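Each structure below appears as structure tokens.
Shared chain: chain A. Partners: chain B in the first complex, chain C in the second.
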Partner chain A sequence: MTEPLLRVDGLAVSYRTRQGSGHVRRTAVEGVSLELGRGEVLALVGESGSGKTTIGQSIIGLLPEGGRVEAGSIELHLAGRPVDLAKLPARAVQELRGRRIALVPQDPGSSLNPVQTIGASVAAPLRIHREDARWRDRDSIRRRVVELLDRVGLDDPERRAGQYPHELSGGMRQRALIAAAIALEPDLIVADEPTSALDVTVQRRILDLLDELRGELGSSVLLITHDLAVAAERADRIAVLRQGALEEAGPAREVLRAPATAYTRTLLADAPALQDVAPRPARAAGPNAAAPLVRVEGLVHEYGHGRDAFRAVDDVAFAIERGTTHALVGESGSGKTTIGRAVAALHAPTAGSIRIGDRDVLAAGGSPWRRDRSIRRLVQLVSQNPYASLDPRRTIAQAIGEPLRNWGPAEGGVRDRAALARRVATALDQVALPADVAHRLPRELSGGQRQRVAIARALIIEPEVVVLDEAVSALDVTVQSQILELLESLQRDLGLTYLFITHDLAVVRRIADSVTVLRRGAAVETGAAERVLLAPEHEYTRALLDAVPAPEWLRPTPADDRRSVDDRRAAHDDLRLEVA
Partner chain B sequence: MSALTLLPAGAAEAPARAARPKPRATLVVAVLVLAVALAWAFLPWLFTSQDPIAGVAAEALQAPSAAHPFGTDATGRDLLARVIFGAGNSLAGAAIAVLVGLVVGTALGVLAGSVGGLVEDAVMRVVDVLLAIPGLLLALSVIVLLGFGVTNAAIAVGVTSIAVFARLSRSQVVRVRRSDYVEAAFGSGGTFLAVLGRHVLPNSLGAVLALAALQFGSAILAISTLGFLGYGAPPPTPEWGLLIAESRDYVATSWWLTTLPGVVVAAVVLAANRVAAAIREATA
Partner chain C sequence: MSIAVRRPQQGGQQAGGPAGRRPAAPRSGTRARALRRIGQAALVVAATFVLAFLLLHALPGDAIVARYASPELGLSPEQLADLRAAYGADQPVWVQLGLSAWGFLTGDLGTSLQTGAEVSTLIAAALPPTLALAGLGFLLAAVLAVGIAALATFGRWEPLRRAFRSLPPLFVSIPVFWIGIVLLQVVSFRLGLIPVIGANAAEQLVLPVVTIAIPIAAPLAQVLIRAIDDTLAEPYVAVARSRGASAGWLLQREVARNALLPTLTIAGVLFGELIAGAVVTETVFARSGLGRLTADAVATRDIPVLQAVVVISAVAFVVINLVVDLVAPAIDPRLRKEVRA
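This part shows the complex of A and B:
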């Protein structure tokens, strides 16, 4: 490699955190060394808490309050003479920031000033770095802003420049933020999870745009991501981080094809987009094939009334056989959550019918506090955010036992304390949580553990149908993979029927028997998972499938497919043991 | 359990830096002030041997001294004794006032917030009307209806705080009602009352308790105000507002008569506010 643009050597960062009445410094990053060549893309990959964002923040000199670089150097090589960003005074780093190093932030929703026009936000770096003689007067700044907005692919850039952030979609806002980042043609672009808040089809276009701009400007990109598939597809080099330390680093193909450490191997094995799993084959028509357990017909949901009415769900129909998983796939605004909540009898749709077995779900109306509660024993909902769905003041045992206390003994409920404790212990065991979790509070658990608690609570009254609303979307890949395994084994053991709502087609491939693809409230395609995923009929389904990041060279080979699922799972478990 | 092992594990921990004076110190002082005031209220005779009602005419209008730390008033009564014996009346009044506001206001707010719809609209419009009337005017109107006296003054002050309690508790209940865990509780088959008792009330009443402590301070002031205006306890009952009112003719010559009871009232009100802030922090 020629002279690198950025060389991080032995970086250590610590944060001041409260502990009891005083403060302690907690190390977030320790001994990390990286190199990024000119025009290269280096992906920093890791799970939450791995320190990847902290490294990015150290490089642009924007560590949050309480953060401090303890040791090491961050050398930026500009025109031959290296500067150490870690030792530079704040004033001098500010001088470089925006001009030489730019940031593309994670959340386009909160990264633009809501009371400033898009044009003003994009012009900010031009106005701040006035030393560049080209951007001294208003007209040249305005022309440059329009040119930039046009360059990042916003239609009608003149008009967009005068609009406010709330008038733009998430993808458009991210484009505007990229325009601001490239305004002064920086040498280094730090992109911190630039697409994590976006839909897959939008993600693909934004990543393409970043690639194009890099080629055009010759900038280097530090791509911070939790998504190994994105890194595999876009990066020249990959650095894998774990708990603040570098696990391994090297050219992308080498790291991913022949990972040196067990941790990287588990990450690879757990990333749904990279898993060598074929869609579940269509099941042989069972005796109940003619009478599916869940039947949704002509479902329509409108928000608002009269002419302002917005049709969130437009005439959707599907059926789920007992003991199978049906996936509702779609991007944000496709109506998938609205449908899921209607099936869970948490709100009443405008029209249509939902039946579970011989029960009409909507017979008693759909509202959280409806009179006739009996449907709740048939269908349960697990929501995306397990932290929000657990009462912060109640212990795990109280949360899991609560559904049983809501019912009389004749209805499958339990009132007796000792019996309740026994059932809670069984439920914890069922979701593979240790018994001592019972007396803790939700905030004392990790994200994966909380989702297990939410699943245990949903299952304790033995429902037949479970609606899983993005139940694994907020979790790290390894945890996500474990929860999916748990869901699969519970389905086998208890004969559960799942309605699995997700935006992630890679997850669908792994878990679903049948699929409905939604777009703007309408079902564009529905059918067996194998058929929909391998031979999609609708172009939107194809677009969604294409947008799943995964480079060709990592796709499973036919030889891999011959390995049985159980073999792969056994190998997978061995890996995890090795890592733990 | 690998989900656990993936958490950031034992990072090196440096010793804490030299601590600044802790904010807890002010809280300790506040609690002490309130404790002394409460002790005065319940066991006044432990703190003074002087008679708060009968004075010694020969010792009228004496400046603070070792024998009379707060001095004496125009009829020769020991001022400290009157302040100590007045604590009972003033604090009991404040407690009644807060209780009235807390119970009635919170009941209205929880009703409005949890039932919603027409009930909510009706209750909250009545609350708006209550808020539109100046507090003192409302208190005076209630007193005129109920008649003069310590208890009635306290109830009147309590009525003026109903609206604040109702508004706060309603907003808290509405916030909690919209949370995912309340929906999850209904979704698991919880009845309205079960969910209200298990989730909505425990999670929404922290802020209401903080407001109660805050109102305790302002109720002391409000009752003292009514006492000062002559609507509270009749003389010669020792009551903090009345003490200040009775002495206002002597401000120029005997400063201690108004200043020292005033300082006591201010200290207790400040202490109540500090405790309120602590409750708010603890429940936030």
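This part shows the complex of A and C:
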């Protein structure tokens, strides 16, 4: 076998963190060894805190302040003898950055200088590395920029070069960033979660583009991702990281088909896109079928006025039966959050009607100045980012108890301190949090625990309908899977009705009874989950389904489908015990 | 006076797919916005005029009485009444307001009660030295602020960075008059570098300019340091570094323009500080100018002069902030068109 392009050996990285009055060094990565061959894609997968981004930053020499490579080597084999990036002087590494090693960053929204044109951003590497005689004068740089923008598939590249980042969509910005990364034909492209901030259909096109360019330039790609399905679909080799250490590594198919460690097996089992789940079967029409609990009709929401008005939601209708989950699926800008907030009575739509049971949501809520708050006891919202929706200075008990304190005793509220504490304890127990969490602050909790707190807070006044707005999207797969299980069991026990807003079709497959697919504010398809997901009628639904990353060879076989839900859950629980 | 914080969010503003599909906002939109902004500015000046007029007239006793009623002058009550009539002080407040407003619009600022000179003549004499002081002071403040901020963020040696970071809070807490007095003591009396008497025009300016600059440089540097820190933490700076950018490149191409905007906003607000600073500085250094004129007018309750000074300060303040607002879109392209909700 030929020599690899990159060989990481025994890498250890630590960060300086504040503790009390002084500082301590905390190890983030320990003893990691990796190899990346020429023209190969190596995926670094792991959950948040696994050290995957730190490894990428060490390779490109851009550890954040306080970060330091403690041990090990990062050898880059260019023509001639290898250089150890970990020991090279900063100046020499700076020379290699952008020229031999390039970065495709995570968030295209904030990775382009907002006051520079796209052209200037793409030209930066050409201007920085002036030693290349080809890009010495303005004209040749301009021509090269247009050529690069054209290459990454931006239409009208001349015009795009003169535009500013805010005039482009997320996918277009990521294309521009890729154009800048490949400007000097680097040997190694470090792609740090390159598509995590993008819609699935855009994700697919960006990953295709990266694949194509890799083939063309013969570059190697280090693909850092939390998404096992993306890794499975795109990588030649996979390295699984856990808490800063290498769990296992090998060819993608071997690692994913026959994982050597229990941790990889749970990751696989928890990844929604790779789960062997069939959509929930349509329930036999119950006695309530004729009168669904939630009924949304002719919903229209416009932002702005007059000529500038923008129609975010355009004549959307759906119904949810009591005790079931209805998913609103769509890409960013599809209007799903706007609908969710209207159903949760947080803002009034321009037109349409929303009824929960026999109550008219719009008459009751919509405006915070309306007197009648009783609608809040009927419908509650859980939002995507539990950290932002919890007051950082209030204890968990205060946060969860607040809804009860907002109501008089006659309306189901609780003011008595002891009774309040009891209700909070019950609520914590309901979402499977230990009782001692009550006295902690949000920052002392993990992301999954915080989301449990948000759910407990929504449930404490016993609503019938819960709007879950991307409630599991920011969580690691394993935690996501646990929260979904929690939501399912709460629904079973309390008979809750969910409006589940998500961009992730794989999650829909697991949790929804019925689905509405949204596109630019309009519903393109609505119906039972089984029907929509297995036999989609609209081409957009099909495109969305196709874009869910999961290679053929990992798709569940028909035999798997025959396993009962209980079997799967039992096997799953065993795995988790083994890992813990 | 509204101070808009110009930190638009990138992304998030297009609710319906690529913003590129929308045609660029027509020029007329920008012009309409500028006109609206100028209208607001005029309104602020008008409101200041009325408020200042009413406040000055609410002072107990009127200026005529203060000036002429002292027993040494021996004026009879009839003579006083005639004087009041001559100055229009016997008319209802709203008539006086109207007359005064008309006067300001036609360029007649009235006559000083104390000296009997035309207020416009007094102002014309006082304005140039103050403009020189304020202009140079502001320039020096800007240079100091940029220097301190650059060394505090891009300095090569950590103790140096830390030292420069602690300068602005120190400067902020020193009162203007104290700086003036200490500078005079040290530079003129101890070191004898600048003669107290018989200095030429340029020499006379040095100490007042330093005195007025320091309290403005300090908050400016604080805001600039903060803005640079914020910008350095932006992902696009990390991306630029990943392209091989040096510290110089980062400062010039990535950070400078982005950090300028919040600083510019604060600079406009600090201009008010400059007016207050001129009063103290001109008094401490015994310079003639608008500040000195103000101090004297306050002492003698010379209402027409005060009214003129207040209005001129308001006009200057409003114009500076108007310029800041109109310049901002040139720095940040995101401000060039209406941002939709």
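Basically, the second predicted complex is superposed on the first by the 575 of 580 C-alpha atoms of A that agree within 3 Å, B and C clash if a C-alpha of one lies under 4 Å from a C-alpha of the other, contacts with A are read in each partner's own complex, and residues count from 1 in each chain.
One rule holds in what follows: a residue touches a chain if its C-beta (ideal position, glycine included) is under 8 Å from a C-beta of that chain, and two chains touch if they have at least 3 such contacts.
From a predicted model like this one, the values you see are computed outputs, not experimental measurements.
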Combined model on chain A where chain B meets chain C, clash or fit: fit
Which superposed partner A:Glu95 touches (first chain B, second chain C, both, neither): second
Partner chain(s) touched by A:His23 [first = chain B, second = chain C, both, neither]: first
Touched partner set for A:Ile128, first chain B, second chain C, both or neither: second
Which of chain B and chain C A:Leu112 touches, first, second, both or neither: second
Touching partner for A:Ile455 - first (chain B), second (chain C), both, neither: neither
Angle at the Cα centre of chain A, taken between the Cα centres of chain B and chain C once the superposition is applied, in steps of 10 degrees: 30
First (chain B), second (chain C), both or neither touched by A:Arg377: first
Chain B versus chain C as contact partner of A:Ala471, first or second or both or neither: neither
First, second, both or neither for A:Gly304, with chain B first and chain C second: second
Superposition-derived minimum Cα distance between chain C and chain B (Å): 5
Touching residues on chain A, where the partner in the complex is chain C: 60, 62, 94-99, 101-103, 105-107, 109-116, 121, 124-125, 128-129, 160, 163-170, 172, 177, 180, 303-304, 308, 310, 312, 333, 520-521
Residue ranges of chain A in contact with chain B within the complex: 14, 19, 21-28, 47, 49, 243-244, 344, 346, 368-369, 373, 376-377, 380-381, 383, 385, 388-394, 402-403, 405-407, 432-434, 446, 448-449, 452, 454, 457-458, 461, 476, 478-479, 482, 576, 579-580
Of chain C, residues touching chain A in the complex: 8, 10-20, 234-236, 238-246, 249, 253-254, 257-258, 331-334, 338, 340-341
Contact footprint of chain A on chain B as seen in their complex: 1-9, 11-17, 19, 22, 24, 179-192, 194-195, 198-199, 202-203
